[in-house]
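Chain IDs A, B, C, D and E follow the sequence of writing; residue 1 opens each chain.
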Amino acid sequence: SAEPIKVGVAAEPYPPFTSPDASGKWVGWEVEFMNAVCAEAKLECVITPVAWDGIIPALTTKKIDAIMSSMSITDERLKTIDFSDKYYNTPTGIIGPKSEKFTATPEGLKGKILGVQVSTIHAEYAQKHFKDVVSEIKEYQTQDEANNDLAAGRVDAVQADAITLDSFLASDQGKECCESKGNVVDDPAVLGAGVGIGLRKDETELKGKFNAAIKAIRANGTYDKFSKAYFDFDVYGK
Amino acid sequence: MMKDEATILPAYKPPKARSLLEPHRLFLMAVFVGVFACAVVFMRWDWLPKYQDRLIAGIWQTLVLLATTSFFGFLLAVPLGLVQVTGPRPLKWLANGFCTIIRGTPLLLQLWLLYYGLGSLFAQFPEIRQSFMWPYLRQAWPYGFTALMLSFAAYEGEVMRGAFAGVPRGELEAARAFGMRRFTMFRRIWLPRAIQRSLPTLNGETVLQLKSTPLVATITVMDTYSVIAKVRSDTLLTYEPLLLLALIYLVLTGILVVAFRYLENRVPNRGA
Amino acid sequence: MDLSLLALSPPGWGGVLLAGLFSSLQLAVGGYLLGLIIGIGGASGKLYGGPIVRDLLEIYTTLVRAIPELVLILLLYYAGTDLVNQLTALLGLPSVDISGLAAGIFVIGVVQGAYSTEVLRGAIKAIPAGQIEAARAYGMSPFMTLRRITLPAMLPYAVPGLSNLWLIATKDTALLAVVGFSELTLVTRQAAGTTKHYLTFFLAAGVLYLAVTLVSNIAIGAIERRARRGMVREA
Amino acid sequence: MSDTAQAIEVRDLHKRFGPLEVLKGVSLTAKQGDVIAIIGGSGSGKSTLLRCINMLELPSAGSVTVHGETIEMKTDGHGGLIPSNRRQVQRIRTRLGMVFQSFNLWQHMTVLQNVIEVPVHVLKQPRDEAIAVAETLLKRVGLYEKRDAYPAFMSGGQQQRAAIARALAIQPLVMLFDEPTSALDPELVGEVLSVIGDLAREKRTMILVTHEMKFARQVASHVVFLHGGVIEEQGPPQAIFEDPKSERLKKFISSIH
Amino acid sequence: MSDTAQAIEVRDLHKRFGPLEVLKGVSLTAKQGDVIAIIGGSGSGKSTLLRCINMLELPSAGSVTVHGETIEMKTDGHGGLIPSNRRQVQRIRTRLGMVFQSFNLWQHMTVLQNVIEVPVHVLKQPRDEAIAVAETLLKRVGLYEKRDAYPAFMSGGQQQRAAIARALAIQPLVMLFDEPTSALDPELVGEVLSVIGDLAREKRTMILVTHEMKFARQVASHVVFLHGGVIEEQGPPQAIFEDPKSERLKKFISSIH
């Protein structure tokens, strides 16, 4: 069709996957992925920023046609929307201030304030595994604000995608205050089967195109090529 | 269908007091009940029991925020209004500047400025981090409280300015003529009279304040709105939680309006 | 504070902020005008409409004024576009692409409309009845009365309320950040988040909003003086 | 049926406000050049009668004929009447110059704009002509200097004179006055009465509701005493004021001296 | 120097508003039991004089002595005077019962609350006592039934009587009235004047600015005619009203009849 595919990304910065730069352009690994996949599938794609909080309603009400915003494939989400095959999968980590020593386990987090981004698998994981031990789980609208509050000392630990956390730790602010406390124990029921492209349920044709394209760029080396600029390991995961 | 000239011509006639039981109202009510029933039957409400406790806690949080910020905001509004009417120049400018700045920028921005801006600035000073204040400063509600309180004070300060200026001069003069001291005059005549004059507007301002409280959800305060936001993200439902939220605020507003009406009727006031 | 971050061209974020301000203003102007149109209709409906129209308008204004703007914006934003799409689907048309701007103007307009209705209704009621009676007595048609007498005569009573609404409109655009519309508040948040200089950007945005308010105040003052030209200045 | 020399003919007019019958069958004829003064106690229906003549109040029954043209009315289904031809009413109104108790000048227009408003926008006269006429009229009522002032900045007497100029500007068949001086401070009454007196001397047709008995006696060609919604007595001013027949008129006249 | 039998003594009072000199040296003595009526044209400075007595307006020069106590003043550096002792002024004010033209009752209090306000909160009388006194006073001015009404719901005459009760409640040495009836509808004037007349008969010291000449003549023991900021003529009422000496007083008296 002549209509471009509107690809929704969370309007809140989520480096290194999606974030706007000073010229207002969206940059990051996921943007490169989108360009590659859309080129492969011969689709014209435009980025449409949407609030993370409203990204699924935006999809179902057709304000956007696909979500490429580090959205993990979970059973709960599958009730409402459909996903393509996964296109990346990373472990979930926890970071904390350098001054305190603890591990990413229920024992380590005892009595701490844990920050997570609202409506993410991490929020759900924290609710399921840490709720009873931590003193409070604070839910942020953006990952960024959670990180910032960690640096500001308003939370004691932040749980998120290990890659995002790494990129935060690599920043000036992160380097100064915080360090990784390790990855959490996997729980596929919550943490899901990796990140996929979110689609409306009836869009099987689009889903097929995307799946084929993902497979193709994995096979022809495009995927690895643009990933290398961002990560020194295989972001596709196991 | 323009048949009666008197009704199409733009001369206002106050509507007659009408009862609830007129046919068209009955019809409207039936429609409303129908819509309500449809909403109950066809929409998903199975999540309600699960979130009930949190919702009640959230409503409580909203009410506490509303009550405290309005109360302290009002306390601040009185001097803000007063100095703008009688204060010395510098104080007048200060109060005026404060009101202009708060009223001229979005509350959302003020909230973030306080929480993410000022709040993270605090964290850079070890002295503050070690002080007894820190356990409070690291929480979100002090920032939410401060922003909401200042905003209320600025808007209500403008109202109080008008109310103070509007107290008839003669009544103040009478107080002076009977030998009242300045403070007695303020306490016994000027302030009560100004408050009486501002009550109707105070009602409106408080409703506006209630409607501003959801913004604190963006800085992690768990009020009614953020509970509903959580429901939305957990259940991925778009409309049901928002409709419930709208209903909750509707009821809260209704309660406020009734409470204020009661308060206003206690001191009869004709046209003042 | 690092002011080079606010430079107009990348790597400074000034350009982005100004673009955001421009979107905000577009939204505010559009929403305000739509609200005004709704308000004129609503006020006439409330004053001269039949009982059903009046009751419906009463429900509209009550609901809008009782429910937080944030909630209304979310509800209207999703429901509004949903409805349009279902309508076009029903008519067999392709789903239309509703831009964020259009949707934003729509929600701000609907919210503003409720307040405008009340402001304009109060202003029309404040016109001394004799003025309109005189127009009738000299054979003016209802429409001419509205155009030549009612609208200009109500202006001095409406200007304070309407200017307040304009200032509210400029600030309410900030709420569209929650639906991801790139207005000033959202781009500020993005810039702050990306650069980690929260204070700088929030202050910069505050200054921009304040500037809009102050400029508006000057314009409003001029309009008000003109509208009140036939009125005795109150003491 | 009706003679065009009759400027206004009111026939058996009834007006009911809900349960209250304010006019209970009033008939009245004003020939060209007549100056009719309507007098009566407060609440006797004087204003209502005047307002029914130009349909500012819709009569419940009866007819009004202006310059031989009867205003077409039909029943509204609730026992009242409504005009069947709105255009006709509007046209007839442009022939009747109404002056109100509280002036009712349009506050957002200057005096001159007030005076030319109807000529220009309703009667579609060229603006220049209307201004020329208006200036002559304003000179007549002694307000030429005030032509660019806004009503709110003028005294009540000046406003009422401006209102008279506005009414004259439409070159009315009949002038209708509803207590034109009762909202004025005593010292301002004179200036307005003198303008109205001038009009009477020019034999302009006028219907005048007034409480100024001395004035009514001087200028009226015919006096109508309204009481309880009916014409209790009428006749030339001498007869009415010096030789009242009915008890009520006697009482009324004695009460006001 | 000054005799305590002199309730009020005003000496060579001057008052300037910017360039306008409103009082140009006024001296006035009120002995206990005197009823002094101040008359004069509009703008002659009557209100200003009265207001200078209790320092609502600060005189530019001159002195005011109340019951033998002279109000201490000092120059303010701009050619005017200011009280050097604010407490003294406040104390003296509690001995002067002022009644204003526009009543100035406190609208947020009932009539009774208005009357007891100063006794309780300024003079620190026990509340019960103050209420007892207030109820007696309200009976006297015929407002006992209205004691729990709010001023906004009462007629002007009732409000002015309440204001008189409020002034009486402080048991003032002198009552000061500034045109107490000129804001009232004509039919309400009588009730207020009759209350003031009663006070005069009781030999209460009063200074009364009024336009009601007939009344002034009845009740005053002494009439002062103010013109252009000076006392043009003064004396017992008969002399002033029947045998005016100065041209201006003659003209004034003829103009008001």
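Heads up, the rule we're going with is that contacts are C-beta pairs under 8 Å (C-beta built on N, C-alpha and C of every residue); 3 or more make two chains touch, one makes a residue touch a chain.
Remember, predicted model here, so these are calculated numbers, not experimental data.
Participant: If you walk touching chains, what's the least steps from chain C to chain E?
Facilitator: Step count on the best path from chain C to chain E: 2.
Participant: Starting at chain A, how many touch steps does it take at minimum to reach chain D?
Facilitator: 2
Participant: On Cα atoms, by how many degrees is chain D rotated relative to chain E, nearest 5?
Facilitator: Fitting chain D to chain E on C-alpha positions yields an angle of 175 degrees.
Participant: Using only Cα atoms to place each chain's centre, name the chain farthest from chain E.
Facilitator: Taking each chain's C-alpha mean as its centre, the farthest from chain E is A.
Participant: Which two chains have the most C-beta pairs in contact?
Facilitator: Counting C-beta pairs in contact for each chain pair, the top pair is B-C.
Participant: For chain C and chain D, let me know how many angstrom lie between their CA-based centres, rounded off.
Facilitator: Whole-Å distance between the two chain centres: 46.
Participant: Whole-Å distance, chain A centre to chain E centre, using C-alpha means?
Facilitator: 83
Participant: Between chain D and chain E, what is the separation of their C-alpha centroids in Å?
Facilitator: 48
Participant: Find the geometric centre of each of chain A and chain B from their Cα atoms only, then give the gap between the two centres in Å, rounded to an integer.
Facilitator: Distance between chain centres: 37 Å.
Participant: Show the residues in chain C shared as contacts by 2 or more other chains, in ascending order.
Facilitator: 74, 78, 133, 136, 177-178, 189, 198
Participant: Residues touching two or more other chains, restricted to chain B: which are they?
Facilitator: 116, 120, 218, 238
Participant: Taking each residue of chain D in turn, which ones touch at least two of the other chains?
Facilitator: 86, 89, in rising order.
Participant: Report the residues of chain A in contact with chain B in the complex, numbered from low to high.
Facilitator: Going by the criterion above, the answer is residues 53, 56-57, 60-61, 76-77, 79-81, 118-119, 123-124, 138-141, 145, 148-149, 151-154.
Participant: Would you mind writing out the residues of chain B in touch with chain C in their complex?
Facilitator: So the residues of chain B in touch with chain C come to 7-12, 15, 18, 22, 24-25, 28, 100-101, 103-110, 112-113, 116-118, 120-121, 207, 210-215, 218, 225, 238-239, 242-243, 245-246, 249-250, 253-254.
Participant: List the residues on chain C that touch chain D in their complex, please.
Facilitator: Listed in rising order, the residues of chain C that touch chain D are 128, 130-131, 133-141, 144, 148-149, 152-153, 155-156, 229-232.
Participant: Across the complex, what residues on chain C touch chain A?
Facilitator: Those in contact with chain A are residues 9-13, 15-16, 19, 74, 77-78, 81-82, 85, 95, 98, 103, 177-180, 182, 186-187, 189-191, 193-194, 196, 198.
Participant: Considering the complex alone, what residue numbers of chain C touch chain B?
Facilitator: Listed in rising order, the residues of chain C that touch chain B are 44, 47-48, 51-52, 54-56, 59, 63, 65-72, 74-75, 78-79, 124-125, 129, 132-133, 136, 142, 145-146, 150, 167, 171-172, 174-175, 177-178, 185, 188-189, 192, 198-199, 202-203, 205-206, 209-210, 212-214.
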